[in-house]
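One chain, chain A, links the two complexes that follow: it is found with chain B in the first and with chain C in the second.
Now for the complex of A and B:
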């Protein structure tokens, strides 16, 4: 490696290189530029656009967690939204007493504990059964919240935070303040994600996912490895839920239903399972899709021609969202199972080797 | 007496679950795919029957039969168009495709008037019901029980006697071996989906006759099938029936007895019949994940 700047691939020639996070200097520079760009981004955007960005980043955190359970451990989870809900309700209940930098980790830990309990079957059965355990948890969670007067029976519980270190958080700067909090959390969690999964534990997870019997023979405990992955995925979900609670200034149970869990799964698939880049691209794609589908259905509601050709009693607007989500999941799985990450990888490798193709 | 009355209504509801679970178990048995779109198949079957009977104006029984066949065709198409291409992909992708399909079918149903609003079948059963010494069994309930019994007999014959049924059992048992003996595994998969569609439509039609048609309600039945099959064992047909009936009885009892108890400990609003089956599912997964009749997986290296 004479000139690290002219490098065309990752040629790792020593153990020290093999253990680095970043393969080459370009990655460090590009990630630095990306971070600077993300820090400056809100200055160019309006308040409502920052709100969309906040949602994308929050879902990115939840999808990162889902990528541990589904992407790395190979356990389908249709309950990630419920884990977000556990975090959000923990925050809602503790926010009046504790500062936000305590309540959000607390929400994550509570979610991890619940995830641990839900994941117990993974000690005994193969991954397919666990999908049903998460489904059961998702349904029970929504039911319990809807029946508990302590949780307002699923109606909005306000989560207030008026000032932070003397900075007054008003209607005007609310979105901007939480943008930076969410961004910081995301960066910390991405670093943790990368470090955890490139180490011994992450390799154990991959081994268990690809062949649990062989992993067992090599001295790993498949059940425990999966259970830990499950709790960890729930922790990420809980943190995302806590941030969502503060960002929306309220907790409502509608945010944490099965539909949202499926949407999170769609984000993970569309982005590309098991990748950091995918965890960012997936939520961005799905959230923007949702935004535009909603705009389209608003437009259709206002358009007299379309109104006149739809038969009475048909609500086209509410049909578009599940239709587009489902189609995106199905089409990506059929035609691009590695997700948007794969496109990004192809583009990147094109520019890296430009002007020569190898 | 009240206990027995609740038991009867539970069995009637449970029969619907058993019917819906049957198709689910068939798919799982033959291809190891957990079908998350089962509830949508149930709903589509029921709506097709309604549309044929009311909008087209066919006789009710003919409409039901036709709806069942059409839903079977839909199941066949789903297998042919989506799942056949994914043979050889990790099973996780296949399951996630069924989740996506569920969403697509949901959207398609919202495009019809069925997406919003309630519908009831034209009255084809006499009102009231049988009176058996103080116990009343309504005709829709009898229909549910009878329908399920007939279906189970037909399925039993199909799997025990017919060549196709035996081929399906062979594929469920050992895909490789049956393939080498000349069984077309692809045909069996397609057939499993078709039969699943048929059974789902049957369940949907019975629900329609018992309690009316509503998209959310019908899809909820598809979800309640999961506790039933886990209870009975994911790969056991008799288990699906027993599990379905047990879940039905549990739901009936929890509406009758548990709601009041829960209100005392601070869970207001009732509706524990929606949560109890899933609690059963979790508990079963904790303690006996292969269910009452399921085969425990023994792995040989």
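Now for the complex of A and C:
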């Protein structure tokens, strides 16, 4: 019997071992430490920095959903922002009548239902054609919201929660309160994600992604699996949208356009498709990159030397941000298509096998 | 040793007092990304006016810390920038930008009681709820569109009008008010179309509006899509049949640059003076653009004027707050100064036209629109030329709250 604390790999000898949520004890401990760190993190941050953290975690939930649909089931979706929107608008409409712990799951379920319907074309079309179908849904969503007086035609619907179990939620503690709610939601959804993927439904997703005819021959139902993937991915998106609605105190349609869908897809690619770690690293990387490039851009604007050497009429500082985003995505696609997850895997592997190379 | 330390401290304190305090003014908007053609010059206007205010010491013993930041037209970034500023520099006033972000931030702005002057003139910003601290520098988009309909009614009763609006809350803001105004004026809204950027061929749109019998098209959009529609109307020979006009962000030098001679005859509702008018505000604009090496495009942009006006209102409110509250300049005193900016205390910087009562910018607790006067301008010989005296829409007050 190997010492479970000292093992340098996964030495699984049974199906039961193969379906555990956590690979080994060390993983449980490291996840526990990570969670403690995340719980303590806001105490070291400013209120507005917690806001950035909240956005990262919300996008991580949405990217997790996208990773189920695209990363695991291989169904390209460029409509994740619309699913977020479905969740957000459900929350906006129900928030005056129901507590947040009901409205957010309700948002997720509504999005799942819509996801199920949107997934129907996936029974007939694949690859780019499917991407186009989801793109159509994305545009239809924005169009419908824009023409629905009940949804303020895309203008803001306030989503305010001033009190929770006697705790007054004000500007001062709003971000902190929602940080813990979002973190808890993320933890629950990550566990659910891992739990799903270790079972037959998760394996069916992978099987259908790799070869749906072979999966069919093995007794799986590719159609049902695809619809399941869409519904589940949308559920995650809907929950993320609901949380975003509370975080931003209002819902406006501009948050849920194609641009956001593409940004979520970029986060999934940069993080590493089909991985939990990638779903967390991608949004963190993109949002922090935005923050630091923004700082660099502002520094460049204020720097006389840089201003003097750039050609007249060319605003390099302003162009820096969009340029860097495009560049990062292209570079990842070219040189590290497996995303940041692969770096994480290599680093982890280095420490696990240290002092040996392999 | 102790004596030297005390002397040093006294000297440092004296130096600090001589330099005065620093008060923060925050603006965030789209310097890059969608609508940056508006946001860029708007930001430049704010920056330049702030530099001028500091150089001229417009607020005695106070140095303005003008934070001008690019939110790329993304609401989460706008929210972050605002919250960051609230944490770090506690702005006394916030000059906002886009319709979506401003509508979204209303509850937060209300909670932190921060006077806000957005670039967006969406009427929803000053409508309840959470509207107490929102102030529009000029008349709302809805008021501009209703004013254009009133203008049409002067010469053509029972006109048939089509609305072409941006596919966003910014564009749709005017539709309900326009419908109500048309009903009262006996006009017919024959169609409402949503057109955004990238409208490279508008043949189908224009043919459909022509078939519907539209005599006038009123635009609520930005200059780009309007310019394309004007060019297509000229190409199709519909420019003489259908008269086109629009609210504030549809016009200006950008439209003329983009549409060329197709812009001739276009009517524009605007509260701002043009560069050809030698008002104090416009003269200052020209001086500052020359002083800070702004390009001709920036100087000619109405959005540069708009940015300056917003900054001028903010600086004036701070100055009055300092005078009225013993040097205390914060969100509360600035708010009091803004709502006191009326009657004999109205503000007249010379960037916008005055109403018949001679008032340029005024606010009260309940009247949150600054420049209520506007004119209709027409493109003649490649320039916008005023064709009406300044007027205030009489009908808009009736259709706003029917």
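List of remarks:
We adopt the following convention: the second predicted complex is superposed on the first by the 322 of 358 C-alpha atoms of A that agree within 3 Å, B and C clash if a C-alpha of one lies under 4 Å from a C-alpha of the other, contacts with A are read in each partner's own complex, and residues count from 1 in each chain.
Everything below uses one rule, namely that a contact is a pair of C-beta atoms (placed from the backbone, for glycine too) under 8 Å apart; a residue touches a chain by one contact, two chains touch by 3 or more.
Everything quoted here is computed from the prediction, not taken from an experiment.
Considering which of chain B and chain C touches more of chain A, the answer is B. Residue contacts after overlaying the shared chain place A:120 against chain B, while chain C stays out of touching range.
In the overlay built on the shared chain, the residue A:144 is in contact with chain B alone; chain C does not reach it. When the two structures are aligned on the shared chain, A:330 is found in touch with chain B, with no touch to chain C. Once the two complexes are overlaid on the shared chain, A:128 sits against chain B while remaining clear of chain C.
In the superposed model, A:70 lies in contact with chain B only, and not with chain C.
Within the superposed three-chain model, A:321 lies in touch with chain B and with chain C [touch as defined at top]. By the touch criterion defined above, A:269 lies against chain B but remains apart from chain C after alignment on the C-alpha atoms of chain A. In the superposed model, A:153 lies in contact with both chain B and chain C.
The residues of chain A shared by its contacts with chain B and with chain C are 146, 153, 313, 318-319, 321-322. Chain contact summary for the complex, chain A toward chain C: residues 46-48, 51-52, 55, 146, 152-156, 158, 160, 170-171, 175, 248-255, 290, 294, 297-298, 313, 318-319, 321-322. The touching residues of chain A, when paired with chain B in their complex, are 70, 74, 76, 78, 118, 120-121, 124-133, 135-137, 139-140, 143-144, 146-150, 153, 213, 217, 262, 265-266, 269, 311-316, 318-330, 333-334, 337. Taken in their complex, chain B has these residues touching chain A: 32, 34, 36, 82, 85-86, 89-93, 95-97, 99-113, 115-117, 223, 226-227, 230, 234, 262, 266-269, 271, 274-275, 278-279, 281-282, 285-286, 289-290, 297, 299, 301. Residues 31-33, 69-70, 72, 75-77, 79-80, 83-84, 86-88, 99-101, 103-108, 111-112, 122, 124, 129-130, 167-169, 172-173, 194, 295 of chain C are the ones that touch chain A when the two sit in their complex.
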